[in-house]
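Structures given as structure tokens follow.
Here come two complexes built around chain A, the first alongside chain B, the second alongside chain C.
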Partner chain A sequence: MTRRTVVTGMGVIAPSGVGVDAFWRSALAGHGALGRLSRYPADGYPLTVAGEVRGYDPASAIDTRVTVQTDRFTQFALAAADLALEQARLSPDTLPPYSFGAVTASAAGGVEFGQREIERLWSRGPGHVGPYQSIAWFYAASTGQLSIRHGLKGPCGVLVADESGGLDALAHAARDIRYGTTAMLAGGAEAPFAPFSMACQYGHGLLSEADDPDHAYLPFSDLARGFTPAEGGAVLVLEEEEAARARGAVPQARIAGHGTTWTGGEPHVHSAEGLAKAVLGALDEAGCAPSDVGVVFADGLAHPAADRAEADALRQVFGPALDSLPVTVPKAGFGRAYAGAAALDVTLAALTLRHGLVPPTPYATGTAYDLDLVTGAPRPTDTATALVLARGLAGGNSALVLRAPGH
Partner chain B sequence: MSASTALSHEALAEVITRCAGAHTDAAALRDTRPTFDDLDVDSLGLLGIVAELEKTLGIQLGPDAERCTSPGDLLALANAQLRAAA
Partner chain C sequence: MTREAVVTGVGVVAPGGVGAKAFWELLSSGRTATRAITLFDPEGFRSRIAAECDFDAAGVLTPDEIARMDRYVQFGMAATREAVAEAGLETDEESSWRTAVSMGSAVGGTTQLEAEYVTASERGASWTIDHRKVTADLFRVFSPAPLAGEVAGAVGARGPVHTVSTGCTSGLDAIGYGLRLIEEGKADVVVAGAAESPVSPITVACFDAIRATSTRNDDPAHASRPFDRTRDGFVLGEGAAVLVLEEAGHARRRGARARCRVSGFATRGNAYHMTGLTREGLEMAEAIERALRHARVDPSGIDYVNAHGSGTQQNDRHETAAVKRALGAHAHDTLVSSIKSMVGHSLGAIGAIELAACVLAMDHDTVPPTANLDVPDPDCDLDYVPHEAREAPLRNVLSVGSGFGGFQSAVVLTPGERAR
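Moving on to the complex of A and B:
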């Protein structure tokens, strides 16, 4: 029989809140958490507004022997996983060693750590580069440290495909569970605010150069001028449904279907067809019809051609029904955390199914597209099916269908 | 050689704490004589400790330094090298 994957724990570290409760309250309130970029002196550079995690140091949750060898992005992942395991009430050492694994997504890697060590290289010489540089800046560092911290010997992996990779990581974990693994830590977290890392992105033209947080990230608006990047992310505990129920865990949502395509980074018009195919693939795997979907968490790149392509993809799939299908981009309130953004969206989608409220798109006052964009107050819903979309800056288009437990 | 150029338990404990994140102090190194395993310092951590000592002491400690299994062994090796270099 088919082994199904459910979410039993969610750990969030976001600019808008640490922990699921604070994050959800902030999302429902449509709170805007964007502010002045402060991780490095940003004056004089194009990017000055960002979503930063403030008032919380992930290192506070981690042994100093681990903090000296990890970048902030890995510390976010470790701290988020602790929160997720706590919510799931799952202690990894209660499972057989090879039945618990980890998959994370990363787009930036350990760039703050890396920049610090490279500065030592050119300013003081190779003898001043610490040996932990060899492991801290890798994309795979978070998966590796999660595995070491919790003794996970099951399937492990890391995906590097920007935000679409974040959805793909959850699907990858669900596939591991379908193939026989009992539980997985899956998600992504980022800490991209190193000067060289952001400088590498000035060329793609998608970063918002607005200096006013209220008008920096306005997806689907005629004032859209790019996205505002963020740090943080989420890690989920995924479990095989019967095993989860047998140990008394409460499934919060089910990973029902996933689809992904690749259409190249530019021009964005191609992502319309790619996204539509990804959505149809995800619906097919979930055994759902388009009419089952009651809410869409959109990618929302806030670039006119990209927004147009996403709206076109949704119209292709849903037809006239799109007119009354709630579409939301809660990350407009806290920024787009690259590979961490997808797990944050999936967390919000699971909470939407559970609480019957669609969080709004912060800062937005309306849309220039023929979409029912949720703005202002949260929207009540009784749907059991949510669709989450994510694109990667290099051209990935992914879709994940999440269903309420029991559906 | 003068005592001030020798590596002290205090200085070694500070380097272990700063470079490998393993909190320890001179008294613990003297009294309980832990191994690096006891302190949860892995091979990369030891590499960083040796590199830092080489910078602060101003001498090369050689490949045997990275094979020391305890702070006590490393302290003895470093001080023997310092005496030889004096």
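Moving on to the complex of A and C:
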């Protein structure tokens, strides 16, 4: 009997809301949280609109001893994990040693901390790099700090990846649970808005250079002009289903299946076949038919070739049924937080299964593609199965099937 | 029915030896490849030693690849091509979806990123950066994710492709994850390994700042001294190694030689400190015990432990305690050695390089030595095979790694079988 993985807690730090309740309310309202990039002076740069977490300092959730040795991306992960554990009502010290682990994904790492220290090196000399650079900048910082903060001695993993890797990290945690671990903190959080980090990214041509937040990120629209990046992310508490029920936890959803393929980095033109294969793999692992799926949280890159490829992939899998299958891109309202985006989408998918409402695609008024894109008001649904899609700029195509508890 | 993962190809780019053959010659000779840093001028830095690769990309990569790829990706590609050629691996339309890539790197493209940063910031004078001065496709370097992507492109893999970045355990973890992909039926072939080229000012400065690296600058060849009482830190290295992992039946059907099996993997967090280690090594011992159980190998069946052996005071004590706890009395009978004494510590890559060394050691029934182990440390009292390689029949081999973040990983290799 395969050990099954359920989500028992979700912690969110997003531009559109901190905490699941605020985030969900904002998603249902179709609230747009994109705004002028303010983390550094953005005038004169290609990117001026972004999804920033404002009015909340993740450092406020963490003691100073840790904030001085962490970048903002790790602080987001730590703050999100606190919220997730609170919702799960799970105190890590109640589990046996080695049975609780952590997996995080990141694309950017500790870029702001890193730029500050590299600036000291080059402007002042070798002796001026601080002692925390080595543990704040690297990708493993968030998982390491989570492990220390909560005494997690189980499997510790780190994937470097963008959106698709965020889904892969959750699948990776589910695999750890299949291999015998009882509980995992899993997710992704990012803080990419440092000047050098963004300077590295202008070249790929997929960032929206619009200066009007209302028209910056319009997936599946004929006005699509690229995506708007965001910071923040989500961390989930995943538990082996029987152990979770035995301790009286309320499963929010089940990670039922995952599939991932790779089709190369060039603007996603080859991703249709790869994404379709990933979806079929995820459905197969979940033991579901395409007709079981009642809602799709799309990747929605807002690049014409990429959007076309995604719509084609969905058509390949769902056939004529796609005409009435709700497809949504709630992150159009708060931006793509790289590896954090996938964890945020999975959170929304779990909330959709629980509350029976599909959140809309903010800022969108319609679609140029043959999809039933949810816009305007949230759409009622009684489905027990959600599909979450994510692609990465490096060429990954991933799909995750989430099912309501008991299904 | 359990699916098993056999190794059908090995590729290595290491200091002192490019290619598995040259690498083994170095290891079995006990020579060291540590030297004064040549990749940049280390004047003013605390530690000015590294184990660098004398790598001629022109021999293995096309001019376009050389132009496109950062140094560590070039290492990874060269190691991939060697491993895949040995395995005789070819992918077609159908098998491409069953071929996966799992690559590790701790710091990725930081060498090129730093060089670009220096230009675009006018040597750190400008916080906001002149973005017009960076290379247009720098996004390919921004994260290490393109490492796995380039490898996937080179071998025609379209299955799961991911990059692992658990710091200094990345190499072991990437190969361990590859094992799981095969066991769970997510892939029939996994090209798994790791690559790193961290010898740049910012990375050297990072380790200077926490006094983790050796300052034996006047004697670089003897600077990496694992388990020696006079050890004073690790010596930074660079390189890559790639293993072709293959489901045993898949390898057998196509007549590929199984050099050995990757049979056990586990990783654990110490939940103690980002860089500090306990004296007892309980968590590393736990990782070893789990990996042995996964491999169905009794602790007494381990003939060789390829140690993390970084040459810091705390690591070598910690690790010795962990091996003793996990293997019990047998710890004193088994052979233990650290090849970091010869090839340095290449952060994310070293776990893969060390596993490649283990495969070669099993092939040759020879344990590579721990160079520079002159003065025994009372806290490190196992048989570390000082100075000279030692012949010994090797059935089961254990490789362990320990890294920042508190991560402790272990991989077990067991004998494979010739294709029937």
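In this text, the second predicted complex is superposed on the first by the 406 of 407 C-alpha atoms of A that agree within 3 Å, B and C clash if a C-alpha of one lies under 4 Å from a C-alpha of the other, contacts with A are read in each partner's own complex, and residues count from 1 in each chain.
Here is the rule we use: a contact is a pair of C-beta atoms (placed from the backbone, for glycine too) under 8 Å apart; a residue touches a chain by one contact, two chains touch by 3 or more.
If you're wondering where the values come from, they're calculated on a predicted model, not measured in any experiment.
Overlay on chain A: chain B and chain C fit together in the combined arrangement.
When the two structures are aligned on the shared chain, A:Ser134 is found in touch with chain B and with chain C.
Of the two partner chains placed by the overlay, chain B and chain C both lie in contact with A:Gln69.
In the superposition on chain A, contact is made by A:Thr143 with chain C only, not with chain B. Seen from the C-alpha centre of chain A, the directions to the centres of chain B and chain C diverge by 60°, a value given as a multiple of 10 for the model superposed on chain A.
Counting the residues of chain A touched by each of chain B and chain C gives the higher count for C.
In this overlay, which is a superposition and not a single complex, chain B and chain C have their closest Cα atoms 5 Å apart.
In the superposition on chain A, chain A positions 69, 127, 130-131, 134-135 are in contact with chain B in one complex as well as with chain C in the other. Within the complex formed with chain B, the chain A residues making contact are 63-69, 127-128, 130-132, 134-135. Per the touch definition, chain C reaches chain A in the complex via residues 44-46, 97, 101, 105-108, 113-114, 116-118, 120-121, 123-125, 127-129, 131, 134-146, 148-149, 152-153, 157-167, 173, 177, 180, 184, 201-202, 204-210, 212, 266-275, 283, 286, 403-407. Those residues of chain B lying in contact with chain A across their complex are 17, 19-23, 40-41, 44-45, 47-48, 51, 54-55.
Contact residues of chain A toward chain C in the complex are 40-41, 45-46, 69, 98, 101-102, 107-109, 115, 117-127, 129-131, 133-135, 137-141, 143-145, 147-148, 150-162, 165, 168, 172, 175, 178-179, 195-204, 260-265, 274, 277, 392-396.
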